[in-house]
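What follows is a set of structures to go through.
Next come two complexes, and both contain chain A; in the first it sits with chain B, in the second with chain C.
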Partner chain A sequence: MKKVLSLSFCLALASVFSILPACKKASQSGAAEDSLVVWHWMSDREDAFNNLAKKYGEQKGMKVRFELYAPSEAYMQKVRAAAQTNTLPEIYGVLGESRDFASFVNAGHVENLTPAMSENNNQWMNRFFQKALVNNQFPEGNSYNVPAGIYGVPLDVTNIQMLYNKDLFKQAGLDPERPPQTWDEFLKIGPALKKAGIPGFVSGWGELWMIDCLASNLAFNLMGEEKVLKTLKGEVPYTDPEWKRLFKLFEEFRDSGLPAAGLVTMVNKTAEQNFSSGRAAMAFNGSWCVNVYAGMNPNLNYGAFLPPAVSDKNPRVIWGGAGSSFVVNARAAQKDKAVAFLKWLSDKDQQVALAKETRNLPSTPDAIGEIPAVLGQFADDMELTTHPSRFPVSEASSVVETFNKGIQSILIGEKTAEQVSNEVQKVKEIEMKSAQK
Partner chain B sequence: MKLSFRDQFTNSLFALPAALLFAVFSIYPFYKVFQLSLYQWDGISTAMRFVGFANFWDILTRNAAWWISFKNAIYITFLALTVQNALALLLAWAVDREIRAGNIYRVIFFIPPILSGIVVGLIWNWIFEGNYGLLNHALTSMGLGGWTRAWLADPKTALYSVATIHMWKGFGWGFIILLAGLQNIPRELYESARVDGAGEWHVFRKITVPLMVPVFVLVSILTILGTMQIFDLIISTTGGGPGYNTEVPMTRMVALMLGSGRLGYACAMSVIFGILLLLFSLVQMRLGKWLDKD
Partner chain C sequence: MDVARLKRVLSKSSRSTLVHGVLILVSISCVFPLVWMFVSALKTQETIFSNMSLIPASPHWENFALAWTKGKFGIFFFNSLFYTFCTVVGVLLISSLAAYASSRLPFPGRKILFMLLLATMMIPVPGAFIALYVLLVKLNLVNTRLGYILPQINGQLALGVFLLKTFFDKLPRELEDAARVDGCNKLQVYYHVALPLAKPAIAVLAIFTTLAVWNEYLLAMLVLSDRNLMPLQRGLMVFQGAHITQYPLLMAGMTISVIPIVVIYIIMQRHIISGITAGALKM
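Showing the complex of A and B:
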């Protein structure tokens, strides 16, 4: 008797297990035929988006609903879960690295927008800053095996630079109109600020990608793009003298007294609060900061400058490109209407409205009108931008983590440049062996 | 009395909803996590590559960061088991003695556990902040300016600082459970012991401690399970840094799952972690039974 009941129970469990995966094949996220749903994470743009949605409804008779899911980590988890259950909305954004974006494309969750962009002699494509499109593009023969094409529509562009507080520079006896141009000039600021009792440099270096960003900028300047890419391919070791020199730069930075206390575990929000409230003289932050600082301290007197040059052999580059982008769900029944909406969203009027409301750099050059002076400094340097998503090869995530954590360790005096250089190379070799297998 | 088939079947039907819920929300997720741990998968792609136990092998033999994170979690757990629970017991014992305003203390001691880990982390960030933090300010005003530092960013103090925050947040749970245990001990036992001339320490050692062993076991298991899975406090204070100094298994899993897109690998980590926690709990229970018998 008991055996019969146990067997029945097991059968019931087995049927539950077989039914559950089938539940994944849920129907498409449900927007009505005359409406579109857009998922986003940009809480600062909530009002602007809703106003634009209302305007679109009035002009085109199509209802668009923007759904905000913040913070970005929570948003991305929601998008991933929706991708696994095929319940993504018509329009959404993919956050993360190129690898993540490629996974979404390869899994059939992202529509290739190249045909739409190319219509009428590339009319839509030509509206954008070229650098803004590159982040949403996969070139021919990319390492992710994504069919070549444009997969996203940039809403705005961004780049990451150094910032300095002009009033605090003056207070420390430094020239407020001449920020440091070379690495040596940069380091010399440390003692001057220390003497004046002003904490030096803040950034969100607790979030590892921002360390990666500056280190990558310096590496490009120090050894040139070709050598950096050769390193990613495994043709140049991280123990090469120029890589060692790069790690050494962070030792010098640490010893200059520039880093504010707690820099290595600081999140960018804290760094922004510290800089905007005059509790740090310099910061490393993206162009979005103009909007953030305006909200935190409208009277902040600051300027932007390129990361200091460590070599005159190679040009200086900064990370940048598309700030926020939207993609169209390739499985959505109304994908054509979604494409039409995104086209409308990148029209000059809408771009101007977004830029005005959010103080972000618009993704179309024709919308750059009256922007704040400091934002103009960011805009002027758009041509210097690069981004790992544009590199033909990508570095293994374990190597990137060891690299960034290693720099954290250098900054806290836990490890030397030599040690970090060896550790990163060791992880790189393990990854290369795994890849060969 | 022997039940008929019909009765047994009817009884089983009553258990079926609970069994199904358990299957759907506990057994199926565990089965799925184990299944995924055998694959190389980024969580999005339609293609999954079966790798057998390669993920497990890699974690156990090559992943130094995983073992550092595990060591850090054990360290915080050790501090929680000893310092946090000793404090909880001391306070529970004091409140059990019907001190004045005991009920107010009960409420106050239970406030930290009900606060969100993220909120607690942010509050303590202000306290431990390197430039303008309350702790540094207090030390400076006491003439101990030489001791000031960025507590959460200094490798010498980061893990201790996180452990301190965790213990502050967690001792209230132990306090409430231990207090309930203490209040269940019949008062007559204390009274008769005192009549027989036993001192406070003797009463505590010979009556309180033996009768509290099952409660100690429960509190210890909850402390181990809760502390080993520490996550929100780390994320809101150090993010696992500086370097790997405050990484714990949960932060490693999340980093691999969301940051590196290695979902299968992260699942393998969670299976290993789950098994280790199960082993810890079993050892603890055995120890408790042995102490109880003793």
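Showing the complex of A and C:
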């Protein structure tokens, strides 16, 4: 025992002395003059980023080092800690809500990219899907007191749509090249699939936000954006006939036989497994699913389509926007070089390379022609996207929860559309009274 | 054999069967995740979701080599061994000295100091991340091996002092008195008498610390940025994306990372069991 302890002690001392010289190394943010450091959390893109960094080095003579910190929670801890000590790298990403982003901007950690974006008649700005830039900019008079401008560069975009398995459609006697366009067509698929013994529709509806997403899409189409926003403001009640009709849509959906078993409590990962392995004919999922399905079943034959139209009075709208974005450290000595690198990264060649390798939607429309077909279907509808974070008014979380849980209750036959409509309105009124106080 | 004795034997035998049955079930529930991990490491990304069999028809042994090379486990593995060794030695050395002093040397504020030390166990490490990072930046220890090892030693000290002090408190003082009569000073008594007797508790502390350091990841993310300094857990992250995880490679990587822990446990098993049964974990 004594020998072991003595040996361990000596080895430990030797180890400490051997690592002490390393303490003199500079901290991570101090990149050399001819190099840039980029922090990111996207572990599945590490190889793609490293390839692009190598290419940039060869083309421009500037060394770029991508440093991966994942999962995203750990990444943000690191970013916050580095912000406190002014040791952020030249390029990084801010995860979280608008207020988190705003706090970084207000603390002087994020460079305003508007001048760079506006150069040469907005040349750089015009490359992007405009909806992708919205997530990275603060408008005039925003509630966070951030000077108006563009602060981030979207690396990719995302949106959420319906998906269908072409082989299973064919098996059920349906046209594999014509997915349902209207709500009635959508409902008619239920009996056809049931007859063929094919489970219908899966999605991560156990994660409430995905129910909210489809319901919001249908509401915008049914009653229009203005009326939806008026409801959020409390000017239109949830007991309005059009809201009741919206809840009724979920009753019809339930009765059509489309929902697969366990839909209401299903997490998205399970839904993805079911759809990719042919255990469901349809799904509601984000564009990231292209990468997921490719990993789970590379031979899956499927297509994407917009949520079916429930009305022809208003345009169809889907949730989407910027996927991941990079910002430039306003305090970095080499911020101009960082901007130059991000410009290069948003060039068509790099966007196509990223999209092909990571199967994410490129943030620039000019890359669409050269990406896989299913991604193209998602990308074509990018300009139809919206997101609650971009609404001028937001709904109280208790109302959203009652709304989503109400739809779950309808789907399992526990409540009627009428009941849910009344319950949501009741919670809304409580929230409004509380806000007035 | 009379009837009463037969009943006793049968009753004893059925009780034994019941106990063994329960123990077998518990063992299966403990071992099954490891078996599942190993079996999943032999499947492909496609079959892992469709083939639930525990014996894959065509095992993909190459997943282990792929995980090792793709996750760049070579350097990470060495780093983890190094960090674990340094931290375990540091924790055992400091906490055994502190625990012995706290148990045997009377000094003012001893109890309060001990309580304060225990209170640090209530602070989750991630809760102190930003303060720790600021401190490490000021000491110029960010992105260094020492900057990663020192906070880990610090993080394990409270548990170590608590475990060893409890053990030292129960040691008969007569043994130490005898050593003093033989001319030992305080440090010699600690080294020649108390420490050898505390072997079971030290083994328990060593395995707890090894487990904690081997599985540590968040602190490494915070403190280190040079890829060549990262521990083994960093290699596993390569297989986990935001939306998709390469399960077979992840499971192969996890199997590789679990091997050293299993080996250490097997080597120290005797001491750990005696440590636990001898009261190292009792208040």
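Criterion: the second predicted complex is superposed on the first by the 260 of 437 C-alpha atoms of A that agree within 3 Å, B and C clash if a C-alpha of one lies under 4 Å from a C-alpha of the other, contacts with A are read in each partner's own complex, and residues count from 1 in each chain.
Keep this in mind: a residue touches a chain if its C-beta (ideal position, glycine included) is under 8 Å from a C-beta of that chain, and two chains touch if they have at least 3 such contacts.
Predicted model only: the values in this text are computed from it and were never measured.
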Chain B versus chain C as contact partner of A:Met432, first or second or both or neither: neither
First (chain B), second (chain C), both or neither touched by A:Asp100: first
First (chain B), second (chain C), both or neither touched by A:Val264: first
Chain B versus chain C as contact partner of A:Met42, first or second or both or neither: second
Partner chain(s) touched by A:Pro298 [first = chain B, second = chain C, both, neither]: second
Partner chain(s) touched by A:Arg80 [first = chain B, second = chain C, both, neither]: both
Contact residues common to both interfaces of chain A (with chain B and with chain C): 1, 5, 8-9, 12, 16, 20, 77, 80, 84
Contacting residues of chain B [partner chain A, same complex]: 5, 8-9, 12, 16, 19-20, 23-24, 27-28, 31, 42-47, 62, 65, 125, 129-132, 149-150, 152-155, 158, 237-239, 241-245, 255, 258-262
Chain A-facing residues of chain C, complex: 45-46, 49-50, 82, 85-86, 89-90, 92-93, 126, 129-130, 133-134, 137, 140-147, 149, 191-192, 195-196, 199, 217-218, 221-222, 225-227, 237-244, 246
Residues on chain A engaged by chain B in the complex (per definition of touch): 1, 5, 8-9, 12-13, 16-17, 20, 73, 76-77, 80, 83-84, 96-97, 99-100, 103-104, 106-109, 199, 206-207, 260-267, 270, 274, 279, 397-398, 401, 405-406, 408-409, 411-412, 414-415, 430
Touching residues on chain A, where the partner in the complex is chain C: 1-2, 5, 8-9, 11-12, 15-16, 19-20, 22-25, 27-28, 41-46, 67-72, 74-75, 77-78, 80-82, 84-85, 87, 273, 276-277, 288-289, 291-292, 295-298
